[in-house]
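By letter and in written order, the chains are A, B, C and D; residue numbering begins at 1 in each of them.
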Amino acid sequence: MNNINKIQTCTLGELMIYQIALSIEDGILAFHGFGSPLVQLALHLAKRNHAPNLVLVAGATYGINPSPAFLTPTTNDFAMNRDAECHLTIEELFDLAASGRLGRMFLSGLQIDRWGNMNVTRLGNDERISLKLPGGGGGCNLSADAGHVTIWTAAHRTHADEHGRRRYRLANHCDFITSVGHRTAEGLPRAGMPYRGAGPDCIVTDLGIFGFDQEGHVQLHALYPDTSVELIAESTEFDLPVAANLSTAALPEPEMVEFIRRLDPLKIHERELSPADRGRFFQLSGA
Amino acid sequence: MYTQNDKRCSLTELVAHIQNGDCLAIGGGLSWREPMAALRELIRQNIKDLKLVGSAHGIDVDLLCGAGSVAVSAESYVGFEQDFGMALNYRRACETGAVKVEDNCCYSLVQQLRAAIQGLPFMPIRSVQGTNFLKLHPEFKTMTCPFTGEQLVLVPALKPDVALIHAHYADEHGNLHIEGPPVADILFAKASKKVIATVEALIPHDELAKKGVTIPYFYVTAICETPYGAHPTSCYPRYAYDREHTASYYQAAKHGLDSFNQNYLTPFVHDCKDHDAYLLAIGGKARLTILEQWDQSMEKWMQLYE
Amino acid sequence: MYTQNDKRCSLTELVAHIQNGDCLAIGGGLSWREPMAALRELIRQNIKDLKLVGSAHGIDVDLLCGAGSVAVSAESYVGFEQDFGMALNYRRACETGAVKVEDNCCYSLVQQLRAAIQGLPFMPIRSVQGTNFLKLHPEFKTMTCPFTGEQLVLVPALKPDVALIHAHYADEHGNLHIEGPPVADILFAKASKKVIATVEALIPHDELAKKGVTIPYFYVTAICETPYGAHPTSCYPRYAYDREHTASYYQAAKHGLDSFNQNYLTPFVHDCKDHDAYLLAIGGKARLTILEQWDQSMEKWMQLYE
Amino acid sequence: MNNINKIQTCTLGELMIYQIALSIEDGILAFHGFGSPLVQLALHLAKRNHAPNLVLVAGATYGINPSPAFLTPTTNDFAMNRDAECHLTIEELFDLAASGRLGRMFLSGLQIDRWGNMNVTRLGNDERISLKLPGGGGGCNLSADAGHVTIWTAAHRTHADEHGRRRYRLANHCDFITSVGHRTAEGLPRAGMPYRGAGPDCIVTDLGIFGFDQEGHVQLHALYPDTSVELIAESTEFDLPVAANLSTAALPEPEMVEFIRRLDPLKIHERELSPADRGRFFQLSGA
C-alpha cells in the first residue's frame, strides 16, 4: 500500500496498457500473441481488474491464465507461463478463433491504413522488398476470425526527415495487407466477407485513442493530456475524422500502475516505446 | 512407418537425413526448444537450398539464412520480438532475394499440415482471403461452399520432407517426450515424411512412459542424444534461454554478413568440429550451470534477462 | 465460453441442461466410462426425442432406447461385442421404427465434429463414397477436388447441443481430467454447445493440474460429483466393468420391452430416487468393493468376467 | 515347454487365428477394432512370431503394442490395454488410415458379397428394417483407407431350414453396403475410386481361406483338413472360382497354440464360433 501511495504519475506505456485493457470484455477468451508486452500486460491488468472471468491465453506458450514470474523479452518462456491453469495447443487456439470463440485479438502493424488493414510482412512491392518485416504470425487468420480486434502501436508519431518527408505508421496505403480491417485488399467491405469476426473497433497509439465510424474508417476518439487533434493529424497520413464526443483518455488508478510495475520489473514494455516517449508522464487525478 | 528397435545414431548421421532442396520443418518456437545443435551440424554439412516452413521462429531461421542454407522461407514470423527486434540475417537474405519470401500464417500452416496428416489434398479455411497472402501463395484456391454459399479458401496439403525436433527425452525406440509447449512439433511429426530428433537424454522406455509419450515412435526416423542441443534457446525445465550469447550473436549479425561470418559462424559453427566443441566455445560447464540454475531464485532467473 | 468460478450443481440440475429433441453426444465407449448415472437421471426426468451421435456404444444407448428417450440414432456401433452380442432394446426400437436409423461411421463423425470445432461448414473425406451411407445421409455432398480432380465427400459440421461426459476428476472451475482412453470425449467437448460432466471426485485445482487437464474449463457448462457414476460400465483405475449387473440387464431386455420395464427400468431407474438409491439397489458397498478390487490379483480381475 | 509338448491338436478358432495372423505383414501399422477376439489374438500372435515390428493398435483403447492381461469380452478394458507403449486418439488412428499409413485392417460382415463388400448395418430395405445390426464402427472408412483388408467370419457354414432355404453369409447381395470391397454399391470398380487402399486380399472363414482374383472376385485358396470344395460351395450363394493351386491351410505350431491359450484363458474367441464349430480339432503335424 505504501508503494501505491507514492505513485502520483503514470508513464505513457502504463497509460497505453490501461487503455488496451479497457477494450477487453469480461468473460471472453482473448490471446496476446508474441512480441507484444504492452498487450500482455494489458490482459493481465484487465483480468485482475474489470475482467476476472477473462480466459487469458498467453501467446507462444498457449497457457491459460498463467501468473508470469516477470515479463520476459521473448514470449515463449516458462516465466511467462508460470502456473498456467491449463494449456491449449497452437491448433486449438486457432480453431477457437475460427469457430467464433476468440472474443478479442490484438494486432499491430508497421503500416495501418484508414480501414484498419495492416502490414507486418514487407515494405516495397512484389518485385523488390525494401524492408522485410518479421511477418504476422497468426494475425492474418485472427484478423478475420476474432470477434473483435484491438489495434495498438507505439509509433504513431512521425518526424519529418530533412526533405520534410514522413514515413507514416497510420498511412494511406499498406504495401502488403497482412491483416484485414474493414475493407479487403480488393476494397470490398468486410460485411461481404465470410469472416467470423467484426474487425477492429479500437486503436491505442502513443498519441491517442481511435475508433471506427460506421463506414469502418478510423476516427479519433480521445486525446492524451499532452496531445492534440493537430498533433495527431500531423502524424496521420489520411484525413482523420474526429468523434463528436472527443475526450481525454482516462488514466489508470495508482494500484493498476503498481501492478504493472510489479509484473514488469525489467520494463520490457518500454522497449515498444521510442526513447523520447519513455520520458512522457501523466499526473494521476487521485494524486 | 519407422519401426526399427534402435533408432540411435550420431548427430552427423541424424542430420544427413536432410537433403539439399528439402522442405524442412523446424520444431520449437521463438527462443524455446529450437534444435540448434542439429542446425549447426546442418551448416557444417553444407546442406543448401532448404525451404523452411513454420510458425514463430527466431535465431534458428536467422542462423540458417546467415549461413546461406535457405532458398525459400514460408515461415509466419521470424524475429527476436522485443528482445532484439528484427532477424537481421533473415531480413538481409529476403531483401537481396537470396531467400524467396513465401510468408505464411499460423493457421494456414496448421490447416496445410492437417491436410497432409489426414491424407487430404486440401483443407478449407475462412481467413486469408482479403489479404495479400493469396499473391504469395498462388497454389491456394477458392471455392464456393455448397452448404452455405460462402467463399472459402482451400490450402493444399503440406508434407515437409523432414521435421527436425529437439525434445527432452527419447527411448531407443524413438518415442519422444516434450515438456511444456509442443508448439507445432506434433503436427510437424505427423505430417512430415521423416522426423529426426535430438534429445536432452535417452531414458528407458518405462521412465519415458511415466512422463508421457508426446510423439509415438513410429513417426520418428532417427534420434541422437544431444544434451544442451537447444542452446542458446531454452529447454526448460533443464535450462533457460541464453540471452547473453544471443546478444553476441545479434551484435555479430548487426555489422553485416562478413562480421557474422567472422564473429559467429566461424567460431561457433565451423571451428567447432562437433557439439561438444561448441559447448566449450560458449563457455562450457560454467556457462551451462548458470542457465541450469534459473529456478534457484527469482533473482537468478531475472538476471538472465538483464 | 463458460467462465463461472464454481460450476458444481446437483445431478438433477446437471441433466436439466438437456432439452427434449436435443442432439446428444454421449462420452466414453463400449463398456468404458459411460455417464450412466446421468443417463438414468435423464430417463427419470422424462427427457425425450433425443438424437444420439457417437462412435462405439453399448448399454448407454441401449438403455435410452429401452426407456423410449431416443428419436434418432446416428451412432456408428451399438452393441455388446462378444460379451452379449446385439443391443436388444436398440435393435427393437430401430426395427419398429420408434428410432430412426441414421448410422454413421467413426471417421465421418470425427470429420463432422472437426468441422464444428474449426468453424467450417464441412470437412472433406475420401471414404464413405461407394457405400450406402450416402443414402442415410443425404446431407453429405460430393465435390471434385480442384487440386487432384478426385471426387471427395463433404460432411457437414456437427455441433451437438450437449456433450455428456463422465470423467475421473474435476476442479470447481470445471477443468476435467480423464485417465485412459478419452475416446471421442475431447472432440465432443470442443464441438458441442454445452458440456455437462459427472465426475468421480472433485479435487482442488493444484491436484488436478498435476494429473493434467484433459478438457479445459471454459468448454464445460456444469459438473456434478457422482462417485461410481459410470456403473455398470468401468471407470478404471477406480473400478472395473460390472459384467454381472450387465448380464442381468441383458436378461431383462431379452424377454421384451415389458420385461425390461419391469425387471430393469423400474427397480434400477424409476424406483431409485437418486444415484445413491441406485448404488444401494445394485448391491451397495459390497458390490462396489468387488469392482474396485480388480487390481488386487489377476484372479480377482478375471473373475469379474466369468 | 511341458505344456507345449502336450499340445497335439489345435481348435478351429486357433487355426483361424493363425491364418488371420499370416495375413499380417511385419513393419506395418495394423488395428484390430472391437468385437473381434479372433483378430485381436491374431495380431498378438503375428507380433510375437513373424511380425515383431508390427505397430499393433488396440481397438477401442487405441493403445499401441499393449500386453493384455487376458482377453476380455468387451474391448475397451484396461486388461486389453495393459502396458501399452504409447497411445493414439480416435482421430489419429483414422488420420493414419486416411493418409495411407494403416497397412492392414480386419473387417467382417453379416453379408459378404463376391466383391468383398459387406453389410453390418441392417437386413431389410430402406422402408423396413428386418434386422438392425450393431453397425460398422469405422469399417466403412477403413475399408476405403487401409492399405489392405483381411476379411474374416466364423459363420460361413449355412444350414438349410425346413423349406431348404439358407441365409448365406457369403451372399449374392448385401442389403446395405457398410464397407467396400472391389466394387462399389453402384458397381464401379474400386480402381476408379479415390481410395487410399487396395481393398480386401484375404478371407478367413470357418470353412477355408479365400483370396480375390484379378477382377476382384472371391476365390477359394485353401481348404481346412475337414472341409471340401463341395461343402464350401454349398454354403456360398455365389459361384466360387477355385484357385489353380488349391491347398490345405497350414496349421499353427504348438507354441503358437499355447500362446493363444495363455492370452485367452476365458476362451473369449470361441464366442465367435458356433457351438458345433467349437468341437472341431485338427491334428498338428509335429504331434
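Just so we're on the same page, contacts are C-beta pairs under 8 Å (C-beta built on N, C-alpha and C of every residue); 3 or more make two chains touch, one makes a residue touch a chain.
These numbers come from a predicted model, not from an experiment.
Enquirer: List every chain that touches both chain B and chain D.
Expert: Chains in contact with chain B as well as chain D: C.
Enquirer: Between A-C and A-B, name the chain pair that shares the greater number of C-beta pairs in contact.
Expert: When A-B is set beside A-C, the one with more contacts is A-B.
Enquirer: So, what's the distance in Å between the C-alpha centres of chain D and chain A?
Expert: Measuring from centre to centre gives 60 Å for this pair.
Enquirer: So, what's the distance in Å between the C-alpha centres of chain C and chain A?
Expert: Centre-to-centre distance between chain A and chain C: 44 Å.
Enquirer: Need the CA-centroid distance for the pair chain B / chain C, whole Å please.
Expert: Using C-alpha averages as centres, the distance is 40 Å.
Enquirer: State, to the nearest whole Å, the distance from the C-alpha centre of chain A to the C-alpha centre of chain B.
Expert: Measuring from centre to centre gives 28 Å for this pair.
Enquirer: Touching at least two other chains at once: which residues of chain C meet that condition?
Expert: 119-120, 125-126, 145, 148, 150, 152
Enquirer: Where in chain D do residues touch at least two different other chains?
Expert: 87, 98, 145, 196
Enquirer: For this assembly, give the contact graph shape among line, ring, star, complete and other.
Expert: Looks like something else, not a line, ring, star or complete graph.
Enquirer: Could you run through all the chain pairs that touch each other?
Expert: Between chains, contact exists in these pairs: A-B, A-C, B-C, B-D, C-D.
Enquirer: Help me check something: in the complex, which residues belonging to chain B touch chain D?
Expert: Chain B reaches chain D through residues 1, 3-5, 116-120, 173, 175, 190, 205, 209, 213, 216-218.
Enquirer: Write out the stretch or stretches of chain D touching chain C in their complex.
Expert: 34-35, 37, 60-63, 69-70, 72-79, 81, 87, 89-91, 94, 97-98, 121-122, 126, 129-145, 176-180, 184-186, 188, 190, 193-196, 265-266, 268-269, 271-272
Enquirer: For the complex, give me every residue of chain C touching chain B.
Expert: The contact residues of chain C facing chain B are 119-126, 141, 143, 145-148, 150, 152, 154, 156.
Enquirer: Could you list, by residue number, the parts of chain B that touch chain A in their complex?
Expert: 29-32, 55-56, 58, 75-83, 86-87, 90-91, 94-95, 97, 101, 103, 105-108, 110, 114, 125-133, 135, 148, 150-152, 180-184, 186-187, 234, 236-237, 240-241, 243, 298, 301-302, 305-306
Enquirer: Please give the residue numbers of chain A that touch chain C in the complex, ascending.
Expert: Counting only chain A, the residues touching chain C are 27-29, 53-55, 64, 85-88, 92, 95, 98-101, 103, 145, 196.
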